[in-house]
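Look for chain A in each of the two complexes below; its partner is chain B in the first and chain C in the second.
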Partner chain A sequence: MSGLNETVAGVQAADMSSSLVPEGLSNAIASISSNGLLGLGLFVLLLALGAVLHRLNMERTYRNVAATTNGGEISEGELREEMLTRQGSNFNAAAITAWMLLFAAFAYFYFLTPEIFPRHNYYQVPTLSSGPLGFATFGFLVLLLTLALAAFIPKELYGYYELSRKTKVAIMLTLPLLAISIVLSVQQGTIFPQEELASRMLAFMALFASELALLWPIYAEALGGMR
Partner chain B sequence: MRLCIVGIGGCGGHLAERFLKSQDVTLLKKSLGEHVSFGGVKGLWLEADVQETENQDFFRSLERGCYPGFFIPHDVIGSESKTSKLIVDRYGYDVKKQGFMRQAEFLKAVFEIFESDEDVKRAALSEHESENPILRAAWDRIRPYTTLAGLKGNNGGSEMCDGILFVVSFGGGTGTGFVNPITKYIRGERPAYPAFVLGVLTEEGTDPQQRAKEAKRDLGATISLYDLMTKKVGVGVDGVILIDNQIMVEKFGQDYSAIDDYIHQVMRAFVAGRHYPGEDPPSLAMREKFIEGLDRPPILVPCYCREKRRRNPEENLVKRALSEGRLFGCDPAKAERAYVFTRGFMGLDEIVRAVANYTGLSEDRIEPWRKLGENHADEILILLRNPYGEERGCEVKGNLEYRLHRVLRMALKYMNDPESNLVAKGMPDLTRRAIEDYFYGEDGIEERLKEGLKRIEKGEKPFFLNEKNIFERSSRAAGVHEPHGGAHRVEDEEIRRIVEAEVSRVLAERGFEPGRKSPGAN
Partner chain C sequence: MKRFAACLIIFFLLLPLAVAVDPSPPKSTPSSSGGDKGGESSSSSGGRKIVKLDLEDLIGNLEKWKQDDPDKYEYLKKLLHIPFVPPKDYASPTVLIWYPSEKIDITRNDKLDIYAYVKNDNPIEVRSDVYLWLEAKGPGEENFTRVGSQRVILANEYSEKNNATNRDWSGITPFVDSKAVGNTTFRIWFNDMHSTYYTDTMYGKPYQQDDYYSVLELDLINSPPEVDEDSIRVDPERSRYNDPIRYQARFVDNDADIINVTLHVLDDQGREFKNETQYVKSGTNVTFVASQYGFFGEGDAGKNFSYRYTYGDGLNGNSTKIFSGPHLLPSPKIFVSDPGAEPADENRYWWQNYRFSLKVKNPEIDNLRIDLYTSTRSHPNRYQDTRIINNSEEAQDVLFDVLPFDVSDANQSFTYSFRYSATDQNSREETGSISGDKINPRIVKYPIYSRVTILNILAVLLAALAGGIVIERRLYR
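Entry: the complex of A and B
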């Protein structure tokens, strides 16, 4: 019976994924999303690239201001102070929540079930994963662990960029996107050991699309600065 | 510099909305946090037309504690108000009359009555605890956003606005009438508090929205400009940034929303934060620069250009701003000074050199202020001070003189059009005489505009010289008012009429009808 279920689920997943994206791309996403190290590397790489580009953006601004200032000497601290822009508390709250959810979605995707990292996952702590709060405990723990980081990142990143309302809305829209990713990962955990490829791919795409959206202001500034 | 944006009237409201739009994201138009505007500006909208406030959903009533809010100053006068009744009876003006349906001089007249008539003052004081309740109420709504309120924010008071930018249309409605009287309140508290005006001169032809004829609007614009430009520095405003809607309409068609967006984009360089380190002047410094060497407020013509960021952008930006980016026709070579606001990475020397090159100004007459840019674009806004003054410059299309000459001619034409009915027949004699004298008297506006036309033709600066009031405070007795006669000698007949009118009024107040025998008389 379970074999039949797997076959049906596999066919459904193949149908769904083929209707969403071309077959080649779908296969590529499937293999990347199933490859734990690759996904982890990609996630960290995007974050690290964002941090490096942010640093470069700040340095480039400093250089440009210094180059157009008589004597070429300006206080970096003073410049940083001038660059700081208030983005609004609604946006700040949304951005902090989005970053927390990003880390939570990432943890749910890679470390909830043994599918990707068989030796490092929540199922290794059966008392918690099978406890009354189940997967929620996992999420709370991740949120707690990333709270400080998530609170720091938006202020440090977004405070120095002039963000258009469209960009802010895009960042805000990562909230439902990440929620979808988390729900789909939880679904994966619920049906484990069965797998649903389509929802896994969708969760993966939502996760990485959100990460890109959250880092986009930095990438955009860096891209524009290179021209 | 942090400005308080005060949009007055319909056009002022639309523009103020652009300035005050929240930079934050909202859910279902509800914001849970503090309102964050571009450049940290704050402000409000003053409107006289209730319907206008109902036709929009950006501003909410300040009376209900909303922000950004609108305020209808005339609402402080109740419909049963004794003050209002006194003004109607004595002068024939309904202070609650709304918007563009009023004559150009309406608000000027009303506010002058409040300033000059001791009886009106007394009535207002007893009823509203203020001699001029309309203006008092308006100023009370503006003041809390300014440093004059003396409130300390979280940042040592830096959240407050250290200057005011009135945003109005020179069309003859609400906007034009409010600026000068409110400035009086500002000056009463701090004579050097910076107050600037961003004024939009309406386009040629008939206004498609309000069907107001160009000539009528031009008379409103002329009266307003006249009042603004003839006030002495320290009494009136500190600079009038002029925009010609005719140029905007030629650029954007009748798309007024796009025009408002563009005007806001132009002014962003002026109000933006993110200054170059050490180049954040307080509004007071800006004011001092604007009025340096002048005894009357200057006209400031904005010239704007924005380009994708590139190396050494200064020369091209300045060139384009001064040629194709003028928001009011003018000859940059006639400017007395240039105030330059940039956003992006630009060198001070390069900016000054480029502006000097294209205007002929000496470098010490060019004041640049730089700010960091956004979206990989460089922007420049050049405010040219009084860029006019060429003999027969009014014959050169594209000059400031050419446009203003037309406005003045149209205003004069409207004044002489019998249909304009400036001296309305139904008005009390006192008002009729005052208005007649104001417009058509020996030293009236008509004569002064003709003189202004001559000065423009000769290339003389400024083109308007002395203030002109409709109602002057009487030096003889409280409650007796006469039109401002200037050097005009009052004729015996006129004195007789005034005395008769006053005696009739006093008798009427005591229950005697003129011409009727008193109860005890045989």
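Entry: the complex of A and C
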């Protein structure tokens, strides 16, 4: 009976989600969120694009500075040192946490259950994944694996940009957003092999919205530079 | 003897003349049976006394002389012996073995066609009858023995064209009972009323040309019988002692020899228990029905037997390996019924308990052990638990309340079985696999709102937060 109830609830949730967003968009998100390779590619593409744009932003800044010094020479390293701006310890800690959670949420979304990557997921170790510490163990593993990356990225990304208060708030709001994504992904794990499409889509949107928010300073600078 | 008899007849024909001219007075004959029997008569004619002997008296006298004075008797024989002198131009016939076959290696069952070729160039008026025997000597034998029956060639039975003829011994199997293999020899004995000859000795040296032999030598060979191992079986392998248990096997002998097959039944210690022998034709199935031979009795119930065959064709023997079976079922000791499996919850999650039950009537066995096993694709034949029950006249419900599965069994069907330390009414010691329902596919037993799940998520979030703070303090200042 409870299985039947869960199925009915899933269908109802899917119906509700389809009423909240336009049907075409809903289908597109559902399609993307269920496509593992596409989602993985999109996630990596956003990161890679951010890295490239960040590099271009730095080079453009260097060229502009070099053009205004009228023959006075300044190295790129010196410029980076001059440009480095401290964003405040609370923000930094929040940003590092947000990046760690971004990777954790990504892993929970794609690599927890076998729905998207049937051969590469944590449920391949069913004894551990179904145990009382399964979800936590999985999260800790991801945090450990991405620790270095999460420690490095915020310093590089946010130290060379002027972040408005709104941007900082947006970045810090990714914390609850990523937490929501993780909770929804875990919920998918608890009901596996059943699915709740609405939860999945919501988790997907929270994940990618957070990624965009965390990379937004770079994209914004690049857009400004293009203008 | 014929010649000797002829001499005697001539002798007796002359005897009256000798007596008639004998000037001496007549003597009494050694035969005393004489006068009153009328076998001997005498008459006087002009001073001569004529004694007339009849054949009976003569034979009687000769027998008496032979006993009383054998030396003189032998001397008399020598005096009366007239040696046979064949006609001046007589030549003994030429006799050879004609074997129109290229088969030199023969088996005991091969039917041989051997002929006597006889050429007699004497004129028909000089020819005499020829008597022939085919003689054979098997492997390891010292003497020839006659094969088949005697053949006779009369004087007029030769071809006018070449003065030759032949006689056959067709379809003979002279070595069918031979107990050895090796060289065999054939020759022909013949007698032409004048002399006796053997084809192996009458010629200066052995003769052979084309298919004609003075001495025919063939090799007697043997192919040992073989068993078709795939055909060896005992059926049924598990049965009661008084069931019609059949041992079957198929043996083949390329020489078509009769095969003697002995079944050796071995007990559970591997010792010979019984044996029986049958004689079978090559290529036929040999069947030993245990009940027919009384192999097993009630006391053998519950024992495991094995068996092997020995087989041979009289020349070569062999043995099969040991095959197991039959396994005799013990007599029933318990009665079981109503096996069941009931999940604690109708959702049948892997993390839930199941209640397995079995009704057992055990009137005589103390400490009867009953084991529960479950099987899934992930965990075949998984032992679960054991119950021990004592004897009782009433049927007992044996219950197992266990947690039989783990997460890897999710979404799989399961079966279960009970195994017990006694034989049930089906002569078995287990119930066999009984199908259960499919296990629910859910993997995680904690719902999202459970304390465990919440603590898991909180732990991850807090770890990330702590990591962020620590890294900021260590690396960002």
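As a convention for this text, the second predicted complex is superposed on the first by the 217 of 227 C-alpha atoms of A that agree within 3 Å, B and C clash if a C-alpha of one lies under 4 Å from a C-alpha of the other, contacts with A are read in each partner's own complex, and residues count from 1 in each chain.
In the analysis below, contacts are C-beta pairs under 8 Å (C-beta built on N, C-alpha and C of every residue); 3 or more make two chains touch, one makes a residue touch a chain.
All values derive from a computational prediction rather than experimental measurement.
Trainee: Using the superposition on chain A, decide if chain B and chain C clash or fit.
Mentor: The answer is fit.
Trainee: Answer with first, second, both or neither: which of chain B and chain C does A:Y219 touch in the superposed model?
Mentor: neither
Trainee: Report for A:S89: first if it touches chain B alone, second if chain C alone, otherwise both or neither.
Mentor: both
Trainee: Tell me which partner A:A104 touches in the superposition: chain B (first), chain C (second), both or neither.
Mentor: A:A104 contacts chain C only, not chain B.
Trainee: With the two structures laid over each other on chain A, which partner does A:F117 touch: chain B (first), chain C (second), both, or neither?
Mentor: Neither partner.
Trainee: Under the stated touch criterion, name the partner, chain B or chain C, that contacts more residues in chain A.
Mentor: Larger number of chain A residues touched: C.
Trainee: Quick one: the Cα-centre angle at chain A between chain B and chain C, nearest 10 degrees, please.
Mentor: Once the two structures are overlaid, it is 160 degrees.
Trainee: I'd like to know which partner A:V186 touches here: chain B for first, chain C for second, both or neither.
Mentor: Touch partner of A:V186: chain C, not chain B.
Trainee: A:L79 in the overlay: touching chain B, chain C, both, or neither? Say first, second, both or neither.
Mentor: The first partner, chain B, only.
Trainee: Give one of first, second, both or neither to describe whether A:N64 is in contact with chain B, with chain C, with both, or with none.
Mentor: In the superposed model, A:N64 contacts chain B only, not chain C.
Trainee: Examine A:V169 and indicate which partner it touches, taking first as chain B and second as chain C; both and neither are also allowed.
Mentor: In the superposed model, A:V169 contacts chain B only, not chain C.
Trainee: Least CA distance chain B-chain C after superposition, rounded to whole Å?
Mentor: Minimum over all C-alpha pairs of chain B and chain C: 9 Å.
Trainee: Show me the chain A residues, by the header's touch rule, that chain B contacts in one structure and chain C contacts in the other.
Mentor: Touching chain B and chain C on chain A: residues 89, 92-94.
Trainee: Can you tell me which positions in chain A touch chain C when the two form their complex?
Mentor: 1-3, 89, 92-98, 100-101, 104, 123, 126-127, 129-130, 132-136, 139-140, 143, 147, 150-151, 155, 179, 182-183, 186-187, 189-194
Trainee: Which residues, counting only chain C, touch chain A once they are in their complex?
Mentor: Chain C reaches chain A through residues 346-347, 351, 406-408, 410-411, 440-448, 452-453, 455-457, 459-461, 463-465, 467-469, 471-473, 475-477.
Trainee: Spell out the residues on chain B that touch chain A in their complex, using ranges where they run on.
Mentor: 22-27, 31-34, 36, 40, 273-278, 280, 309, 345-350, 370, 372, 374-376
Trainee: Can you list the residues on chain A that touch chain B in the complex?
Mentor: It is residues 61, 64-65, 67-70, 74-75, 78-79, 82-83, 85-94, 162, 164-165, 168-169, 172, 221, 224-225, 227 of chain A that touch chain B.
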